[in-house]
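Labels for the chains are A, B, C and D, by order of writing; each one numbers its residues from 1.
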Amino acid sequence: MAKLNTVKALNLALLQEMERDEDVVIIGEDVGVDGGVFRVTDDLHRKFGGKRVIDSPLAEAAIIGAGVGMALYGLKPVCEIQFSGFAFQCFHQFENHVARFRLRTLGRFHVPMVVRMPYGGGVRALEHHTESEEQFYAHIPGLKMVIPSGARNARALLVAAIRDPDPVIFFEAKALYHAAKEDVPDEIETMPIGRAQVARAGTDLTIVAYGTMVRVAKEAADALSTDDGVEAEIIDLLTISPLDRETLVASAKKTGRVVIVHEAPRSFGPGAEIAASIMDEAFLYLEAPIRRVTANDVSFVGFARERSMLPAVPQVLAAARETLKF
Amino acid sequence: MAKLNTVKALNLALLQEMERDEDVVIIGEDVGVDGGVFRVTDDLHRKFGGKRVIDSPLAEAAIIGAGVGMALYGLKPVCEIQFSGFAFQCFHQFENHVARFRLRTLGRFHVPMVVRMPYGGGVRALEHHTESEEQFYAHIPGLKMVIPSGARNARALLVAAIRDPDPVIFFEAKALYHAAKEDVPDEIETMPIGRAQVARAGTDLTIVAYGTMVRVAKEAADALSTDDGVEAEIIDLLTISPLDRETLVASAKKTGRVVIVHEAPRSFGPGAEIAASIMDEAFLYLEAPIRRVTANDVSFVGFARERSMLPAVPQVLAAARETLKF
Amino acid sequence: MPRTALEPRFQVEYLSILDADGKLDAALEPDIPPDELKRLYRAMLLGRHLDERMVRLQRQGRVGTFAPIKGQEAAQLGSVALLRSQDWMVPSFRETAAMLWRGWPIEKLLLFFAGHIEGSQPGPNQNDLPICIPVATQLPHAVGLAYAAQYRGDDVVVMAYFGDGATSEGDFHEACNFAGVWHVPLVFVCQNNQWAISVPLKKQTHSRTIAQKALAYGFPGLQVDGNDVLAVYAATKEAVDRARAGDGPTLIECVTYRLAMHTTADDPTKYRTTEEVAEWERKDPLTRFTAYMKKKGLHDDGLQAEVEAEVSEAVRRFEEIPAPDPLTVFDHVFAEMPPHLAAQRDLLAARLRDDAAGSPDPPEERPASPPMRGQRNSRWQS
Amino acid sequence: MPRTALEPRFQVEYLSILDADGKLDAALEPDIPPDELKRLYRAMLLGRHLDERMVRLQRQGRVGTFAPIKGQEAAQLGSVALLRSQDWMVPSFRETAAMLWRGWPIEKLLLFFAGHIEGSQPGPNQNDLPICIPVATQLPHAVGLAYAAQYRGDDVVVMAYFGDGATSEGDFHEACNFAGVWHVPLVFVCQNNQWAISVPLKKQTHSRTIAQKALAYGFPGLQVDGNDVLAVYAATKEAVDRARAGDGPTLIECVTYRLAMHTTADDPTKYRTTEEVAEWERKDPLTRFTAYMKKKGLHDDGLQAEVEAEVSEAVRRFEEIPAPDPLTVFDHVFAEMPPHLAAQRDLLAARLRDDAAGSPDPPEERPASPPMRGQRNSRWQS
C-alpha cells in the first residue's frame, strides 16, 4: 500500500501490466524518452526500451490505426492521445475500425486496445486542452468508455482496460492527475468495467457524476447534509458506456430525485442519456424532473473565463434544492 | 411549380443559389463532371465550370479544411461528403474549426459553409453507407444540423443553409432521394433553420421524427387513427440542432405522451436529448415515460439484416400503444 | 544557380517486361516455375470470369453493388503471389482476384456483396484483413501488423493494397511515414487504375508518378506496368525480399486501368471516352499473358470451362445459403454482451417470433440505391 | 539494372547565404533596402525580447503556458517580411515574431496566453488567421484562402507556417496535395526546429529532408538555412514571386532550432543534451545578423532599450485589462443566439449577479497544470 497521486497510480498500472505481459506495448507522442507530457509513462522507456514504449511521429490516425493492426496481430497496444482534444484526428479510425472489427469479422478478429487520453478542464489550459468529449465515444457501439475519479480506481480500471478483450477509451481527468493521493495497494488490483459505484449512500436525492465532477458532487452532498439535512446518494459512473443503468435506476427509484453533473456541453450530451435511461425504467418513481448541471453549449471560453463555465458546487446545490423543492 | 424528387429539388436549390450568388462554390469528390454519385450536382459543372464546381482529390479533411479557408475569405462553399460514413475523416476540421472560428475570433471571422452528406439506411448499401451519424454533429456547439424529410423542405432548407451565416451540416436521406415527388415552387423558397414542424396534428400522443422516419411515423399515425382511434401529432424536427424545444414541449404538454423515432443507435443518441429536453419543461404533463424507437446499439448489420434493425411501423405502433396504455 | 544540390538525387524507375504487344524483355523475365505460371494464369482467368458473373448477378438483383476488377488482374495476382500463408494481406475493396488467391471462397465474396456480414469473416487461420471500404484507412493497420510481426520476431511480410485515389488521403501519408520510420516489413501496392470514380489522376495529384511519393518517406518507390504480370511479379519479389531481409518498406505503383465501371452503380460514359477505354483494352493484361502462356506451351484450352464451372458451383452454393439470423450480430459487439444489448436482442427476438407467428410482412421497401455509388435505378429516378 | 529511370530526376537544393561564422556569400546576397534591413533587425530583437519576457511572465503566473520562439526569429521574419498587407498569414502556435510583424499588438498575444479569447481576434482588416493549436489543421485553411483569392482574381499570396512534426499529420499531406492540384498562390513555410516536443526529426520521418516531401505533390521544395535571415528572405522572395505569377505553391524548409523549451511546461533536459543546444547557440540567427548589420553600418545601439520599453509598455497595458466578461462568449456561437443559449446565458448572468451580491467566492482551485504540456508544478506533483 502506497500513497500515490493519479499519475503515479496510472504509471504503476502500466508498469505492472507490462511486467506481466510482454504483449503490452505503449505508443504515442512523447510517451517514450519524455515519459509523456503528464509523466504517466515515466521511466517505462528506460525499463522496456523503445520497441515497447514507442515515441511515434505526430499523427493520431496512424497511432490508432497502427494500434488496430498491432491488436489484430495479438499485441495489447496502450495508445496515448496527448490530449483528448486531438483525438478527432483519429476519429475515423475509432468509428470505422476500432469499434467494428469484432462485428465485421463475427469474432474472427477483435481489437483489445486501450486508448488513454487526458481530458477536461480546470487546469488553466488553452483551447483543445480543456474540453470533455466523452459523448462522442459513448455513442459508438463497440467501444467502452471509462473515466476514473481517483488514483485508486484509475489504477484498477486501467489494469482492467488492458486486460479487456475489447477496445477501451480511457479518459484521465487532468484536474485529478495531481489532485489528491490515495492508498493504492502494491499488488495488482482490478475493477469491473461497466459498473458504477455508489460513492456516497443517501436517500433523498441522487447525484450522478464521474471524473472530476465526483469531487464537486461530494462537496455539494456534504453541504446539503450540513445545511439542508438532506442526504444525497452519489453515483460515480466510472464507466460511461456501456452505462450501468441498473445502479442508476435503483438509486433513482430509491430517492425519486436526480441531478446529473458533467463537464461536457449540455445539449446532446451524456446527461441526456442518463436522464432518458432513468426515465425509461423509473418513471413512476420520479418526484421531479431530472436536472443536468453541465457546461454551457459553447465550445471554448478560454481559461480566464473557465470558472464561469465549469459546473461547480453552487450550481449543483441550486439544482439539487430546486429538485428537492419540486 | 414542378413535381420533383428530392435529388432534383436539391439540384434546383443549388442551381438557383449559384445563379444568384457568385460566391457559392461546390466542392467534393465526383461533384463535377459526374454530377455527384447521387446526381445532386448534376449539370452544374457544365453550367458553372470546374472553378466553381470542383472535383476535389479524395481527402475529406482537406475538402472541409479548404472549405473553411474559402468561407473565411468570403466565399460560400457547399461541400459534399460522398457518404456521411466518410465524414469522420474530417471530424477534426468540424470540431476544431468549422464550429469554432466565430467564437475563437469573437466574430471577426465566421464560416458560412454548408456540408451536404447522404445519410441513413434502407437502400441495400454496404458498411459505412447506411449509418445515421447526426448525433455527433448535434453535440458540437456552433454547428447547425439539418435533416429534411421531403423534396420541398429539402430544397427550401438547402437554400436557407446556403444563406445562413453559420455552418450547417445538411444530411440528405438516401432512402428519400427518389422516394416521392412533391410540388416544388419554381421561385426560390426558404424555411427557417431551427424550427420544427407539426407534420400531422393530433391530441393523444406525440411522435417525434425526422428524415426518413417521418414517413414511418406518418404510416404509424394513420394506423393508430384507423385501428385505435388515436390521433397522434407528428413533430418533424427538420433541424436537429439547435433543437426546437419550444415546439416539442408544447406538443408534449398537449398530448402527455411521446414516442421518438430515429435511425441512429439508441444509446447516447439524439432521442436522449429530445426526451431529456421534454422532461425538463413538461415533466408534470407527462402521462408515460417517453419511449425511443431506434436502431439497436450495433454499428452495422449488413443489408441482408437491415430490416430487422431499422425502426419500422410495427415498432412505432408497439411503442405508441405501450405509451398510451401506460 | 549557385546553390548546393543535395545528394543523392532522387529518381523513379519504371519496369516493364512483357509489353502490350507481347514483346518480352527476356533479360528481365522472372524465373517463375511452370506450375506457378499456370496457377497465376488460372487465377487471372478466374478473377476475370467471376467479375463478369458478379456484374450479372448484381444486374439480376441477386447481389448488391459490386466493384469490378476487370483489367487489374495482373496487378493483383502478380503481387499477391509473392505472399506465403503466414504473411498478411490487407485489401481495399477491389481485390477480388487477390482475395481468391488468398483462399477466400467465392461464395463468401458473394455473401459480402449480398449484404451478409458473414462475407467479411476471414477463415480461422487466414492472415487476411477483410474488405475495407473507407479509402486508405486500412493502411495504418498494415503498418501495425508489420510492426507487431517484427516485434514478435516473426518471419512475416505484410502487403497492403489501395488505389490511386487513396494516395490523397491523410491515412496513406501517415501510414507511409510510420512505415518509413519504423522500417517495417511492408509492401505498399498501389493499383493506379487512372480513376477514382470520376476523378482522373491529374485532378488527384500534381505529382508525375505515384511511385515518387515514396521519396517523401525515405523508402524506395517503383513504377511498374501493372498490366504486365511478369513485371509486377518481379518488382514485388524484390520488395518482398527486401522486407523479409529487414530492409523496410517499398511502394510499388502498378500502372493499370479499370476497364469496367467504378461499381455496378456507376456510369463511366459520363466522365471518360470510349477511345480511352479502347486504348487500354489493347493493353489488357490477360491478352498478353495468354499469348505468353501459349508461347511457353503452358496454355490449357480447358481452363476457361473449368473456371466457369467453379464459379457456377459457388454461385449455386451461395444461393442455397439462407437469410441470415438477425440475432447473431448482438454476439459480436463485445466479447460479453452488456445488459442493454441483451435487452435489445430480446426485444428483437420477440418481434421476430411475432412476425413468424403470422403478422403480415411489412410491404417490400422500394428498390434500394446501390451502396458504393449513387442510385441509378431509373424506375425511381424521375 | 536495365530499368528505365524516369525523367526528370529529382533534386533538393540547399540555400545558405550568411553562415554561422558570419561569412557572406555576396553573390547570393539579396537586395534588401537598408530601411527594410533595419525593420527586420528590430523585429528580430523584439521577438527575442518578448519571448524572454513572456517566459518570465509565465513563471510569475501572469500568463499561462507559452511556446517560446528563441532561435527561430530569422525563419519567421525572413519569410513573413515578403507579405503585403493584403496577403494572408496562417500561423501555427509558435509564430510570435511573425505575428508581431503582421501587426498583432503585444498585449493581444499576452491576452491569448493568459486565457482570454480576445487574444485570438485578428484586427478588423488584418488578413491573418489566429493562432492554431491543433497541429497542421491550419494548412487546408491556407489552401482554401489561396483558392478563394485565385477564384476572385485577387492579387493575394498566402503563407502558412508549421513545424517539422506537423509534416507527419494527414492534414499536411492533404493540404499539399490540394495545393499542388489547384496550383494556388501559397507558400508553405516549415520551421524545422529539429524537435516536436521530445521527438527528434529522425523519429518523425525517415526522409532526409522536409523539402523533398514537395516532390510527392509535384511542386518545388527548397531547404534553407533557417537561421540565416538573408537566405530565408531570398528563398521566400522567389516562392512569393512564383505564387504571385500564378506558378503555384512552394515548400520552404527552414532548418533551424528551438533553443528554449517546447513550452514553459516542458523540461528539454529530459530528451536532449546541453552539447546539442550549445552547438546550435553558436548558430544563433541573431548573432550573425547583428554582425552583418554592424558591418553594413546599420546597427543602432539604442534599439535594445527601445524594444524593451515597447514590451514593458505593452505588459503594463495588458495588466490593466480587466477580467473578461463571461457572458460575451454567448454572442459568438452563432450569428443569432438560439433560445437554448439565451437561456443558458440568462442563468449564468443571474448566477454572476448572485456572486457579485456577496455570496462568498468558491475556494480557489488548485494551481493548474499548464495547457500545452503536462503539469510540472512540483508542489502538487508527488
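Convention: a residue touches a chain if its C-beta (ideal position, glycine included) is under 8 Å from a C-beta of that chain, and two chains touch if they have at least 3 such contacts.
Not measured: the values here are computed from a predicted model.
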item	value
Interface with more contacting C-beta pairs, comparing B-D to B-C	B-C
Of all other chains, the one whose Cα centre sits farthest from chain A	C
Distance between the centres, which are taken as Cα means, of chain D and chain B, whole angstrom	39
Centroid spacing, where centroids are CA-atom means, of chain A and chain D in whole angstrom	34
Inter-centroid spacing, chain D versus chain C (mean Cα positions, whole Å)	43
Contacts with two or more other chains, residues of chain C listed in rising order	117, 134, 168-171, 174, 177, 181, 203-205, 329, 333, 340-341
Multi-chain contact residues (two or more partners), chain B	56-57, 59, 61-62, 85-86, 89, 92, 96, 103-104, 127-128, 141-142, 242-243, 267, 297-300
Residues on chain A engaged by chain B in the complex (per definition of touch)	85-86, 88-89, 91-92, 94-96, 99-100, 103-104, 127-128, 135-136, 138-142, 241-243, 264-265, 267-273, 275-277, 279-281, 283, 286, 288-292, 297-300
Chain C partner contacts - residues on chain D that touch it in the complex	1-6, 9-16, 25, 27-28, 168-174, 177, 180-181, 183, 203-209, 212-213, 215-219, 223
Interface residues, chain A side, partner chain D - complex	5, 7-8, 29-30, 32-39, 55-62, 85-86, 89, 122-130, 174-175, 177-179, 266-267, 296-309, 312-315, 318
Residue numbers on chain B that touch chain D, as the complex places them	25, 51-52, 56-57, 59, 61-62, 64-75, 77, 92-93, 96-97, 102-110, 141-142, 144, 164-166, 194, 242-243, 245-246
Contacting residues of chain D [partner chain B, same complex]	117-118, 120-124, 129-130, 134, 137, 139-149, 151-152, 170-171, 174-175, 177-178, 181, 328-329, 331-335, 338-341
